[in-house]
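Listed next: structures, encoded as structure tokens.
Both complexes below contain chain A, partnered by chain B and then by chain C.
Up next, the complex of A and B:
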């Protein structure tokens, strides 16, 4: 625990430390082997593509969440935010259809609207937390409820559906492939690389870690704490809008049940990946693996009827706990910690 | 709506004058209480309730219907108290949020002498309600299974997407399994898709990766069916006589059936409009000369291209 909260110093990188950092990866490998043993079709190209594409939503959102959590915050509103952004995107594109037709312009208007909304929603969460001095948990719990009820209101309690004239143009964003990989997977890879660079190779990333470790010290070290923290929520909002842009063409609809519990999945992915929930240490690479683990669990459970359907939640819970234990537990430590 | 109507009713009463005062005494007030619509089916129910209110009040000037929706069981219980104390209702039509917590509040309403109509979700004690109107979950499973049996035979494979683990889902599933027993149709597997499009899509993707030979899908619900259809289209397995059976009666699905969609050729009704039926029957208790108390179990009608137009409500949100 102690070396996790001060990993920045990175003392002599021992083999054991590496093994621990590799915990999530080990868990994912074990899951993949189990999946293959249960049903060889698990490793078929089609299923792997499905898996990666599905991970993209939670994965992209979780990359944003890594920044928020590393800087000591939390964002519970992302699932509802995704739902309301999907809803507004659909409304905007449907109404742009008359003026601009079902072509690229309409889709671009929708995407632009999504990004503006994502940045705006993130900014609201951020400012309420920093300028408003309200705990992030409460702010985002509030916006979670607001966003969720807004999408219900826009949809009149029902479902908003994208006009079929636009679906043809927009469809490839989810179903299309470039160089053999589906577009959402490329988005995921792009976001992951940018996130990794931002976290590990820029002053911003170091500031996030510093603020999460000790906000007061960060403040006295001339770090603009409020600005950095607000920015993490804006990044989170941007990630949600990117996820939404690839989500909407999948089924072309949004309703009150869109994105339910995505916030918890994103937070779980971040924590499984090795980021510390109380802040101060963030690992983008781990988050990616975490998102893959979560999707793989659901996928494997659909691939077997060995376990009663009623126990799916139990299996998910167990695997999440074991995955985190693999990385936090004492099992990798052979020698007593040197002072 | 009701806030608008009430002053209007007052104004009318004043206009009619003294003679009207006697009439206002005869005014029959019927409270209609149901959960706040948060999903498409409930939104459809809300729409049908409003339609029925308009229609019945136009038809019977002495009937006043008061619609109230509540976001949770506790608020619904408070809403019932308000209906009794403020509106002094003569009858209550209720779709309970949950059976247990609302049984007692409904008994309280009954003790004021009001006629009780319960819709869809029964109360946890028998004999409280005078009228019971509900869809038929086992029948939905049976009708779906019978349709499957007309198109499939010995050795054909199907997969099942279930809803949320609840009694409703169990009743549908058990009746379905009982009906296809002995037909030789293979159920490859069943998984929960939570009456949700996204889950329907993902579960179906996994079924498609897992089973190379699937002849039909019982999705049990129109939302799940939409996800299933998207997964089938993505995998290019939507041809070769493959078909999907949903349930409920979503307007988009019904329009597809009217247009002769081969992938989703039929639907099995579990109508949100049942609230309107309940309101009609309740009003009839005051207007008809025939007895109306009893149990009304609506059929899980098989909707085909021939009768689809009867179940198509383009203005409803569902």
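Up next, the complex of A and C:
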């Protein structure tokens, strides 16, 4: 056989791949060091828990987005979806107040409603993409507009506020701590672990990767492509509903400006983490780090006067572009000749 | 080179050309002369080096050693098809036309005629119309390429070449996708070009066509030059002998006796599906059933429907006596019916992934436990598959896209076999792989049949069909035109059915 005669030629390839995989982690470490040097209070316990709690929303949503993107899709509707779910949750809980009082039952009804809405919205995105054969970008651009206008409509252009009778019961879901960590951080950890297992240890994760790599191959390999793709959007919807459940007690209100640009932050977290935007390669671990990086940038800017806080978006934008540029640069990797 | 004295100065010649890709040599000191006004056929098995030689002659590859002579003088041909400016045009098998542009725009692509900076559409249109009239092709310069048939597209390519004053036209299997009538039209055109003094090099697997149209024939085998002779001195059989270089029986394993009384494992009755019109046939246990037909005859379409890849419009299927109507590939796989695609790069393997996830993808449920994927058993399966199918990779972590075609094909076979199918459908089992691996694949297929797996081999390579099958089904335009057994399985008979000259009694 001719192919045996080619000597092992790429000894350093593994090293470069490792560097690539570790890239986001290295970047986060550098950011943390910069933060500490600018202001030692950056590493205080209070700031760290604050940082983790803030990361939780984007992080949880981004875990879902990792599945969608790995399977070759995209979901632009998550920010608006979070807003509309918040709004409906508040309306439902406020109206349940009379019957069930301001106790746990009402909060549970609200949470149940959130999960149903999340799964439903994800299912709609998924089915329109797969059965409707419309590009995911278009479908979710459409639902993004729909969800956003619905929340504005429900709030009648203003703000929907959670009744104070319920706030007391619901409050610990954002402000409470268990074993020294805020509840949102626990949710984040839980979602991250489940997401990682699902992506790396189950057939489902393998199928997502296969579909994102090449849909035809997936189809010919006895994979139910449409079902798996739809499921990724459902998972995304579920993640959005979890994030919303944790988010609502923070302000106790929802308005047209709730969750604005979350979709972009979530996608950014996924991409910074090393997942490939066109699909076929997904890393949950990277996504978690990506979400932490995004929050850390904002946090550092709050701590220093060197750069205006208003430039937060600029810094995030630069980081995203640099991250993708570094991933693209296939340093030291040469394509073997293809006869 | 023991070729007679060149009376006519060759327009293009290869002088002791060798080529290696990395450390893999593919051509060994090939010399070949192309004379003006001749049709020079280049034949050889897949992997013999024909494509590489054509690409070197047209400048797409640079030779590792040796040189190209143009009008007797050594030249280094410019890369990327710029040899067209020297009058050397290569027409690829997958045509190189902008599908959404018109005939006229394609012909003049890159050298549009302008008048004061503005496209001179009228002039270009007239010129293209003149060429079309000359060929006798009834399309308009304003037609979009995507609306043309394959044969028409090919003619457009040829017009494009002629309009560039091509002196050497190199064509890769131009007739492979043409119907009988289109082939006639094409040959007429070739005759005309010949009269104009254009040299034509063409690759084809259809030996009778070569006998008819070409003046001289050059045979390559495993990258070596074997012979160049006058086409008149060679019979198609002699060409085949030169190409293979050994008795065909060496290439194909001894065939086990077909058990004519074996039960039917797969019965298809009046199947209607996209590109399939009322097809009926039976497959017996342990049988190798060949499916032959020209491109577009519906061979692949039949099995895409049978395996749940395309919807079945009507008809009945029975698998092992049970009624069976697959809604998806999963249904087909679960009864024990597996389809191995001919398009291993686009539909068969994930080129950017490693061997392990590729191997287990088709039968992944087999590798899952309550706690998710069982990577240990996946790893074991890979080791087993590498031994069983002789898959060779210098680095187990290599991306599948970097494996050789032969190893990819073996991996694809291994992947499909992980589902332990009882009926295996292999579409073009040896497309684009070298002779050695080809032989291995044939032996794997025969061994599987001997183990009791029923196999359908779909192929457009006649020798393969003849060498491997117990029975041969011939298709044409979505219908079965004949089922051949025993002595009927020969090239002439198959061609008659495939071309529609003959039709079976019960079809």
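The rule is simple: the second predicted complex is superposed on the first by the 302 of 339 C-alpha atoms of A that agree within 3 Å, B and C clash if a C-alpha of one lies under 4 Å from a C-alpha of the other, contacts with A are read in each partner's own complex, and residues count from 1 in each chain.
One rule holds for everything that comes next: a residue touches a chain if its C-beta (ideal position, glycine included) is under 8 Å from a C-beta of that chain, and two chains touch if they have at least 3 such contacts.
It should be emphasised that the depicted structure is a prediction, and the values quoted were computed from it without experimental measurement.
Residue contacts after overlaying the shared chain place A:138 against neither chain B nor chain C. Shared-chain residue A:104: touches no atom of chain B or chain C.
When both complexes are overlaid on chain A, the residue A:33 reaches neither chain B nor chain C.
In the superposition on chain A, contact of A:50 is made with chain B only, not with chain C.
Of the two partner chains placed by the overlay, neither chain B nor chain C lies in contact with A:311. When the shared chain is aligned, chain C comes close enough to touch A:213, but chain B does not. Using the contact criterion defined above for the overlaid structures, shared-chain residue A:251 touches chain B, although it does not reach chain C. By the touch criterion given at the top, residues 37-40, 42-44, 46, 162, 165, 189-192, 196-198, 201-203, 205-210, 223, 226-227, 230, 234-235, 252, 317-318 of chain B touch chain A in their complex.
Those residues of chain A that touch chain B in the complex are listed here as 39, 41-42, 44, 46-47, 50, 54, 152, 155-159, 161, 175, 250-251, 253, 255-258, 298-299, 301-303, 305, 309-310, 312.
Taken in their complex, chain C has these residues touching chain A: 21-26, 52, 309, 328-330, 332-333, 339, 341, 343, 346-353, 357, 361-365, 367-368, 371-373, 392, 394-395, 397, 402-404, 406-407, 415, 419, 434, 436-437. On the side of chain A, the complex with chain C involves touching residues 1-8, 10, 14, 197, 201-203, 206-207, 209-210, 213-214, 216-224, 280-281, 336-339.
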